Amino acid sequence: MSDFMARVYVTPRPSVRDPEGSTIMEGLHQLGFSGVQMVRAGRYFEIMLQAGDSHQAEQTVDLMCRKLLANPVVEQYRFDLQLEATSE
Amino acid sequence: MKFGIVVFPGTNCERDTAAAVEIAGGQAELVWHADDSPLQRFDGLILPGGFAHGDALRAGAIARFSAVMPRVMELAQTGRPVVGICNGFQVLVECGLLPGALLRNDSLQFRAEWVHCRVEVSAPPLTEGIPVGTLLYMPVAHGMGNYCEDERSPLGGETLVALRYCDANGDAAAAANPNGSAGNIAGIVRGNVFGLMPHPERAVSPLLGSVDGLALFKSLTRSLVAA
Amino acid sequence: MIAEPPRDLIGQYGITLAEFDRILSLLRREPNELELALFGAMWSEHCCYKSSRRLLGALPKEAPQVLVRAGEENAGVVDVGEGWAIAMKIESHNHPSAVEPYQGAATGVGGIVRDVFTMGARPIALLNSLRFGFPDEPRSRYLLARVVAGIGDYGNCLGIPTVGGEVFFHDSYSGNPLVNAMCVGLLRHEDLVRSAASGEGNVLLLLGNATGRDGIHGATFASANLDGDGLDRRPNVQVGSPFLEKLLIEACLELLEKDLLVGLQDLGAAGLTSSSVEAASRAGSGVELEVTAVSRSETHMTPLEIMLSESQERMLAVVEPDRVPEVRAVLERWGLRSDAIGRVIAEPLVRVCEEGQVRAEVPVAALTDGAPAYDWPAMPGPLAGPASLPTDPLELLAHPNICSKRWVYRQYDQTVQASTVATADADAALVLLPGGRRAIALCTDGNARGDDPYLAGALAVCEAARNVSCTGARPWALTNCLNFGSPERPQGSWELRRAIHGLAAAAQALDIPVISGNVSLYNEASEGGARGAAAVAVTAVLPTPVVGMLGLLDDVERRGSIAFKAAADLVVLLGPATGPLDLGLEARVQKACRDAIGRGLLNSAHDCSDGGLLVTLAESCILGSVGATLEPELDYLDESPSRIVVSLSPERLPELRAMATGLPLTILGRVGGDRLRIPRVCDLSVEEMRDAWQHGLERFL
Amino acid sequence: MSDFMARVYVTPRPSVRDPEGSTIMEGLHQLGFSGVQMVRAGRYFEIMLQAGDSHQAEQTVDLMCRKLLANPVVEQYRFDLQLEATSE
């Protein structure tokens, strides 16, 4: 078994309104960050998990995202995986 | 006429909802989320408001996987009424019994206030006998009530808008919308499954500010008598 | 077994040299570091009230309705008839909110809720009292927004309606905001639980959250500077989980209902230390704890860290050994962890073990009764009064201290539990009692107008009671939170003393028992806003005694409300046109108002406070959507106490006069039209007043 | 001026309690993802901004994080930057 760190990024689908992103953009403009042209606000998860190998880890994390972490109606996700440690 | 009121960890409107059912002449029994026994003994189910699992991730996201949920789906299939109020609506949407999604309020703030809603459909399970255009005065209290349609299965056909936020004159104006929901949607219905953000169980006596919520509960119990 | 003397450590645990000598004489030996830490925690201002304990003796605590007196338990309890009782308390979370406003305010709510359900009461209402710097400062706006979000998110998630509160802005609070939270719970008399750890051999079960390093050395931290690279030396900020708290409430109430507990005690400041010591002290028993049995969320925690941790959402239950399995079964159903961390022992000692080795052993009484009490030298000093209010009527109505606080309370769920009587912007909230005919009235009030702290204390009580009386309810019990600067400065000590005297005198005169409360001292900021002990120029907050009032209303159909109702009604001022505080007069004005409401004479009643008659009248117009025309030439901005503006149909006037014999009573004018017309003061439409009043706060946010 | 895409990751500081992360972990366990050992729940932002060069962009984003995007009392942040387009 190996330990993996999955980093999952969940963002609103492009066609879905993102009031949090817009509010943050306004806030940044107010603070003087006038060069900001777009902000999308999403969620980020760090997940430590055990899996037999990286292929299995990838499948597991993908399933987690589809079942729970992202809502396909309004969200999209991507993730990356990193091997942290391997034991026998 | 007996209603099951489904309680998840973090649900907090179960008592109010049970009381409203009783005022409307029905009986209510609480059903624990971990209970996976059949629910056929109930004439209908209500998923009440609250913060199941603390709204972690998204409201209703984790509750949807409770042991009780396959039983809820089962009962919905038999055509008996299944009603989700506030957090219960969020659970119904997450589990796919109703389409769409409920996003964070566009103000990014929790909103607790009294609103008017216009009845758009006069049909079981919740608005039977309430004429289209009737205004209902009820409180909302939620942080994620911003209804968003699923582009892949838009409203229309078998899923209808049942309630819209409006002003005291019945206009679905932007200013009357507490959360930014598309088309001022406050509630939707698909056959026997109804979801709404306002809390009818908190509008059941003049002392509380309105009896309009009671009309919905009465319609619910009446629809059962008729069925 | 006992390690070497830690003389050099005493400052670190907030112990003075004199206090250390006191410890030596109580123990008749040197304490080790852990023991010293236990003393430091239990002898902190927060736990033992060393600077206020003696002063609090002045408060009237006795009354026939009192079931649990102030100081006896985690919250006070009063009888409200028909077998029901109310538990309530208010508490400050000022310092944590200054550091992290969202979590500070949220965990403040969590803490006070635990104090109430630990009595066996189901929490039915929350209130709060907030103070910030003026909202033209970005930092004050940020604090306001985050505190309100924190209070709202926590209470909303618990499903407890937040039914009232107050917000006040003044520059003295800009470096040190005040966040006071109040919780009200309902219980049957027979369900009252005590927190005593009694019964030798009974098991101590720690429920809820795992223990981490949260809030350790909170006391020392509170006086450290918060700038620059100080970040990483901060203790962990306490983070609340209302979801876990909700599970704890339900599980604990179920355990109590099934009669499975001997005692129940929440963990608040100083965590396991103060809760186990208090529980033992209340039973006259002792406790033996095994720290390794405590579930921890961090590694390598020392016994000291485990004993002092302030991790949120934990409860200590005292259980008979053979009931433990049943208790665990209930907890498991709610998905809650429980650790058997110790037992009740006969010797009145607190014994802390690590893997069976004794690490500390201290007599309970040394930690509690042995705590020092100080009478700090007191000397009057100049007080910065509040900035004056604008005199232009529309500007006045839009002023942040006057305008509607809708921006705040629409983030609080007020209607959950379906018992809140519908009254937006009421003088006091009404919450139905079981049966639906009777109600309790609730409000919080502080008063920063007094240039004299005595008046601040007295007026807080008077205004709170007046607000309750305006609903028709009889003031029945009060709780208080005393927010002051350092008592070690003579002026601070004087302010505290005077305020308590004022509070006591008013409570006495109005015949309202004080059933609980909390004291928060050292509310000061150094120049530049950061809190700091070593600061050059120190600004203390205005002396801020806050009162939470409970009233009892026998027939909710006969209730008072602010809004003018009917055109042609007479507008009458009950009480003097002006004059200093006269407690006897105050009591009679309030009683007359209550009696008149009880007889159904009045169509509205609204108390007169900040902004004077002008604001009172404008609010009755705005909420009633109707105008009024006033006649007499008075000082409509005068803020004298003991005044209530009522309206009634003209033919009921003789009855009101009869009821108010001996009281000043002035006919002000009539309800009607859509403008408020006051000679030489204003002629404004209700709509323009509403616009100013409703959006006053939003202009800043 | 150039267009940059900044991806900002905000997470609870390691010693700070993360109740949402714990609840999500329990949810994943319930769903049968028993190999999950830790979940931290954070926030993720995609920000399009204009800046003179990558050094300036980096400084700007860092300032945004400190001023608005992350709350240093309870959160930590990191970000990466990507050059999207350059105009003169």
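By written order: A, B, C and D. Residues from 1 in each chain.
Just so it is clear, a contact is a pair of C-beta atoms (placed from the backbone, for glycine too) under 8 Å apart; a residue touches a chain by one contact, two chains touch by 3 or more.
Since the model is a prediction, treat every value here as computed from it, not as a measurement.
Novice: When the contacting C-beta pairs are counted for A-B and for B-C, which pair yields the higher total?
Specialist: B-C
Novice: Could you find the chain whose CA centre sits the greatest distance from that of chain C?
Specialist: It is A whose centre lies farthest from that of chain C.
Novice: What's the distance between the Cα centroids of chain A and chain B, rounded to whole Å?
Specialist: Chain centroid spacing, chain A to chain B, equals 30 Å.
Novice: How many angstrom lie between the centres of chain B and chain D, each centre taken as the mean Cα position?
Specialist: One centre to the other, that is 35 Å.
Novice: Taking each chain's centre as the mean position of its Cα atoms, how many Å separate chain A from chain D?
Specialist: It comes to 10 Å between the two C-alpha centres.
Novice: Mark out which residues of chain A touch at least two other chains, giving numbers and ranges.
Specialist: 43, 67-69
Novice: Return the residues of chain C touching two or more other chains; collapse runs of consecutive numbers into ranges.
Specialist: Only 241, 243-244, 335 qualify.
Novice: Would you give the residues of chain B that are in contact with at least 2 other chains, written as numbers and ranges?
Specialist: 53-54, 56-57, 61-62, 65
Novice: State which pairs of chains touch, listing all of them.
Specialist: A-B, A-D, B-C, B-D, C-D
Novice: Using the touch definition up top, name the residues of chain B that touch chain A in the complex.
Specialist: The touching residues are 57-58, 61-62, 65, 94, 99-101, 103-108, 146, 148, 150-152, 180.
Novice: In the complex formed with chain C, which residues of chain B make contact?
Specialist: These residues of chain B touch chain C: 9-10, 12-13, 15-16, 19-20, 32, 34, 49-51, 53-56, 109-114, 139, 141, 143, 199, 201-202, 204-205, 207-210.
Novice: Across the complex, what residues on chain A touch chain D?
Specialist: Contact set of chain A toward chain D: 3, 7, 9-11, 21, 24, 27-28, 31, 33, 35-51, 60, 63-64, 67-69.
Novice: Tell me, which parts of chain B touch chain D in their complex?
Specialist: Residues of chain B touching chain D: 53-54, 56-57, 61-62, 65.
Novice: Please name which positions on chain C make contact with chain B in the complex.
Specialist: The touching residues are 149, 152-153, 156-159, 241-244, 246-247, 333-335, 409-422, 432, 436, 556.
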